[in-house]
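Take a look at these structures.
Both of the next two complexes hold chain A, though its partner changes from chain B to chain C.
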Partner chain A sequence: MKKTSRRSFMKMVLAGGVLGQGLNLTLARDLFAKPTGAPIVIGHQCDLTGGISSWGYWLDKAAKAACDHLNANNGIAGRPVEYVVEDTETNPPTGARKFRSLVQRSKADFVIGSVHSGVNLATVPIAKELKTIYIPQGMANEMTGAKGNRYTFRVGSDTYSQAAAGAAWALKNLGKKWSFIFADYGWGWSHFKEHEAVLKGLGGAKINAPIAVPLDAKDLLPYLAKVEKDTEQLYSIFFGSQSVAYYTQSKSLGMDKRMNRYSVLCTHESISPKEMAGASEGIFLLEYHPRMLKYKDTPHNKKVRELMKVDPVDGREDGSNRILASSHYWATWESVFFIQKAIEKSGWKAKKDTPEFIKALEGMQVKESFEHPQGNKVMRAKDHKAVIDFYMSRIENGEIHVKHNIPAADVESRFPPQFDFTKESF
Partner chain B sequence: MGRLRNLEPMQILGLLGALFFLTAPYALPLVVPGFWVNITAEIMIWALFAASVNLLFGYTGLLSFGQALYFGMGAYGVALSIEFFHFSFWPAALTGIAVATLSAFVTGIFAARLTWHYFAIITVVFSLIFFFFAVGWKDVTGGDDGMPFTMPPVLKVGGLELSLLDLTFQYYFILAVVGACFGMMHLLLKSPLGYAFIAVRENTARAGLVGYNAYMVRLLSFVFSGFFAGVSGVLFALFSRYASAHFLFWTVSGEGVVWAVVGGAGTLFGPVLGTAFLIVIREELSAYWEHYLLVVGVIVILFVTYAPQGIMGLLRKAIARYARPAAGDGRGARP
Partner chain C sequence: MTAAGVAPAGPTPGAFFAAGAAGWGFGGLAAALALLPLVVPDYQQVFVAEILVWGLFAMSFAIVFGFGGMLSFSQAVFFGMGCYGFNLGTLYFGFNTWGAVVSAVLAAALLALPVGYIATRVRHHHFLIVTVIISVLVTTVLESGHWRWIAGPYVTVSLTFVPEVPLGFTRFSFIDEWVAYYFTVVMVAAAFFLAWRIVHSPFGRAMLAIKDNEMRAQMIGLNVNKLRWMLFVLAAGIAGHAGALYALLARYTNLEFFHWIYSGKAIVMAMIGGVGSLVGPFVGTAFYMLSTEYLSRYFQQFIIVFGFILLLVVRYAPDGIWGMVLRGARGLGRHGQASKP
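For the complex of A and B:
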């Protein structure tokens, strides 16, 4: 064996150092490599103005932050990501036109959709026609149901999964005698029908005749007077000023003392309970991601909220009065990473590879992570719906406190696929 | 060539316009993204809608804010026929037009009795009644979520299938229908009935004294206007593969009024110019600035204040100014 001299030892150390440094530089170069090549264009058909613009702001901010994060970390499959947003004006014909604009003018490869169900339903057939992946954020069951197609996927929740998630707990804990009061349009009727179906399946509930309130009604007292006296829980679906009117007027009638008031967080989204002067105090809300950080205080969730620049309690943005659309913003963030994963899994290079992308996304499972802060989830292959965790919360002292976790596995038992898009040709 | 030389400047502009619409699917993608072919198709549909407003306002002197009702009826007529009754293409399209025209006749019986602001109010009220009805009746209309439908083929003979899913065919289909409607409108306006519209617009009492039944003239104008609005609604539903309660909302009627006024009310092709101008502005600005409607608002105010005859009026003035010195150079002078 050759003896190592001091000189040869120094040579080895030097060579090792140079080699190590070289390797280090190589690794560092890979780690911080700038994405190259043609960009992958992710379009966002977003409600920046109009009725849902207070949500649209956050959905845009989250999707943009996700794309920025990808670009700072080698893009998608080494290619840069270009984010293009167009405003739907919260209007279906405009939204459909903006989808065409994103695909045909901005050459979007994938489009994250509006949170307005009407915009989504107007877009779904065009998405198939233009063979473009569409990830709508609206709540109507139909776009990943009766009106859906193989190009449409849902990352967030819908009225079907919301009923499946909340009705069982509410039936057990809030009362068996239900009344429904809602704005007389698609969203309100969807909630009623989905709950009616789930409650009938569960058994033991008494459902009173639904009370549909005209959209232009300012005074809800004549409708609140129709709520049956034996009601144990009153489920409500209103939006905007009608939502505020409902909370205020039902409280002034003392209904909060006589029955449990229950709704989904959408009726309180981007609104701080502190600004409701106590009108929504005590109401139960089904959340799809907790408004308060302490109920999902994971490092990943914390980091994403930091990017949104919001406080941990009310979700109020630094330097503005905007309140985080806490149950929705995460879905556009995660949509970007679902796109990334499906591209990398399928080897997607261009629009012609979209069928392979679809197959990769069908059935995809993701773990709770920085990319998926809302939690573990699976993108069901058959109906293209993600199965997600829910939270039953209550407004107490002007804050939205989680009372009960409803894990995805529990939801899925009452949420079987109703359609199978895997049989549909491309 | 000799014939071309004898054409009036407005006729030359008309020919250039026709040439543009005829060649757009092939010529436009050479200079702009193919997206603009769809926008041109949309411009044609909305131009027909604005022309229906113009027939009432520009030619009969009735300002309607309820044209969206017949547009929406046409759209729902075709969508429901396909989705619920599984009609094929032509029966569905004809049902949409029939429903719109019939509803224009029924509402016109009441509306045509009124003029000026009373007429404007009753047309808005009719439109709002049906809007709220459509929003609430989700099981049938899809409410504000609307109703997408599967497009049946326009023609299927053996192995040959023509469908609006072929975007070039769709473009020429829309061009043919809109062109036919403008042809019909031209014939209507040049007929005795068309002159009766103008007579009633100019002076109802005098029109009555020369034997016109002003109520019947207004009713006929209303029904024809509803027919053209219905055709545009059918086309838009087929183009969108979708119908929605939003189509019935008064703001849609308001857009029709704005397009007609900016283009030039009381002229056949003014609404085409107004619609094209404002839609192109909308498309260009809205991609960069979500509050683009402020600019549109300023444009409308400027037109109403300084150019009430609209783009068509500005064109005519410009041509008159240009043509006058040209006429003085001796060419084309007649003894």
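For the complex of A and C:
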């Protein structure tokens, strides 16, 4: 055996060092590889001003953070992601125009939609005409229902899934005699009708005549006086200042003592219960993702909330008074990763490959992860709706505490597809 | 106030000059609109078409206010009725695009008959209050779930098909942006030409006389209430026409189009351009929509910037941008004549 001299040892060390350094550089290059090629453009038709801008801020922040994360990790299929946002002014005609602007001017390949149902309904037909994937964030069932099409997908919830998720637990635990009080327009009536259908299916509920309150009514006492005496739970749907008026006036009438008040988190979104001076104390709220971190204290959820820079209890942003739109922000975050997965699964390269992208997204299953912190979900092929987990929560001591988890599997049994878009041609 | 679009009475040399200038102006504008799709991309074509539609809506306000002296807050109701009539014609009666546009104009004009009969019999702020009440009443009834049978499924609608324009031997689909653009241009031009002829007719002159001095107009034998009512119905029909064109362009209509806030929007757009003419509202609408479109890309609180611009316009161009342009042109004309030997 050849004896290793000092000179040969030094040579080996030097060669090893050079090789190691070379490998190191190669690894480093791979680790910090910059995506190359033409960017994939993700547009966001976002409500940055107007009535829902307090939510729009978070939906924009989450989608932008998701795109930044992708770009820092080799983009999508090695291509960079360009994020373009346009303001809808929370107005349907403007929103529809901004969708066209995103697709035709900014050349967006995919568009995440507004959280305003009117904007969504104005955009859905144009999405099909421009053959562009549209992921609206609004709650109206119609976008992925009677007025939907094959180019529209829903990652979050809608009035249909909300009724399917909450009604059974509420019927069992909050009372059999229901009264409904809501703002007299599409959203309020949609909640009433979806609940009425689910409750009839479940059986055993007594539903009093609905109380529809004009949109501009500030004094709700005449309407609250119509609530039947035998009511065990009062389901409410109001938005903005009318929601605050409802909580305050129903509490001052002592209704919180006589019956359970129940609603969806949309009526309390981006509002801290602490700022309601106790008016919403005790109310049950259906959440689509818990406001308090401790009820979904997974490493993934924690990491995404850190990116949002919010505290773990109230969801208040560092250095501002903004409260996290906790039940909605995650949907734009996840929308970006649904797009990523469908691109990678289908081999999408350009707009002409969109039919393959749609087939890849139809029926896609995702596991709870950093990309999908809200939980496991399935993007149903037939009606393009994701089936998600819900939470029944209650406001106690100015905080929103989860009382009961409603897993997606439970929801699905009362939430069958009503349409089949897979039969629609591209 | 004198309508800038109305030529002075009698065939004076000035009138011939004005008519000639107007002819050249409209010819140039027509050529520019015809050639626009060759130089602007598809998004801008649809955007220009939308400006024309909202401009037509603003013009309907300028007709009732600028020529009839009636500050109407009910124009949005007729725009909404146009959408409703269009949806009813398309989805219930199965009309083609032409039939649906006619049913839109009819729906708006038919509602305007009783509304106008009541509203035009009161004056000044009472007229404004009546139109606001009517607007609130109609939106309340339509948005209430208790009265849903009135609206049916024909108010908030997303079209699930792409409209087509049948032209006897062939059909053009709105899926091509240039079809949507040219159709809108032609339909808006037709409405504009009709309105132009009407305000230049004896009826239009009578309306200006009523606006200037109602009592004097009554004393020379004009049936003031009837003429005001006719003008109101005409403007409603034009607003309904704009509603139908919007439904075609956007494939979408909404209950909120009936809301008086949209009337307010028409008033702002018309005021910016100038309500004393038929051209002014289009100029104002273009200014409003282009400003908000581009400002909103750079400033999240663009509405504050726009408000400031609006204040400047109101302060320095009280007769609107178009009024200012006309004043400037007249000033130049006078200067030119004075410097002649």
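We adopt the following convention: the second predicted complex is superposed on the first by the 399 of 426 C-alpha atoms of A that agree within 3 Å, B and C clash if a C-alpha of one lies under 4 Å from a C-alpha of the other, contacts with A are read in each partner's own complex, and residues count from 1 in each chain.
Everything that follows uses one rule, which is that a contact is a pair of C-beta atoms (placed from the backbone, for glycine too) under 8 Å apart; a residue touches a chain by one contact, two chains touch by 3 or more.
These numbers come from a predicted model, not from an experiment.
Following the overlay on chain A, a clash is recorded for the pair chain B and chain C.
By the document's definition of touching, both partners, chain B and chain C, reach A:Arg105. Contacts of A:Pro210 after superposition: chain C is touched, whereas chain B is not reached.
In the superposed model, A:Lys294 lies in contact with neither chain B nor chain C. In the superposition on chain A, A:Lys172 makes contact with neither chain B nor chain C. Legend: residue contacts after superposition of the two complexes on their common chain; A:Asp87 is shown touching both chain B and chain C. When the shared chain is aligned, no partner comes close enough to touch A:Lys200: not chain B, not chain C.
Of the two partner chains, chain B and chain C are each touched by A:Asp184. In the superposition on chain A, the residues of chain A contacting both chain B and chain C are 48-49, 86-87, 89, 92-93, 96-97, 100-101, 104-105, 118, 121-122, 124-126, 129, 142, 147, 184-186, 189, 212, 214-215. Taken in their complex, chain A has these residues touching chain B: 48-49, 86-87, 89, 91-93, 96-97, 100-101, 104-105, 117-118, 121-122, 124-126, 129, 140, 142, 147, 184-187, 189-190, 212, 214-216. Within the complex, the chain A residues that touch chain C are 48-49, 86-87, 89, 92-94, 96-97, 100-101, 103-105, 118, 121-122, 124-126, 129, 142, 147, 149, 184-186, 188-189, 192, 210, 212, 214-215. On the chain C side of its complex with chain A, the touching residues are 41-43, 46-47, 50, 140, 143-146, 148, 156, 158-160, 162, 175, 246, 250-252, 254-256, 292-293, 296-297, 300-303.
By the touch rule above, chain B contacts chain A in their complex via residues 33-35, 38, 42, 132, 135-136, 138-139, 142-151, 165, 236, 240-242, 244, 246-247, 283, 286-287, 290-291.
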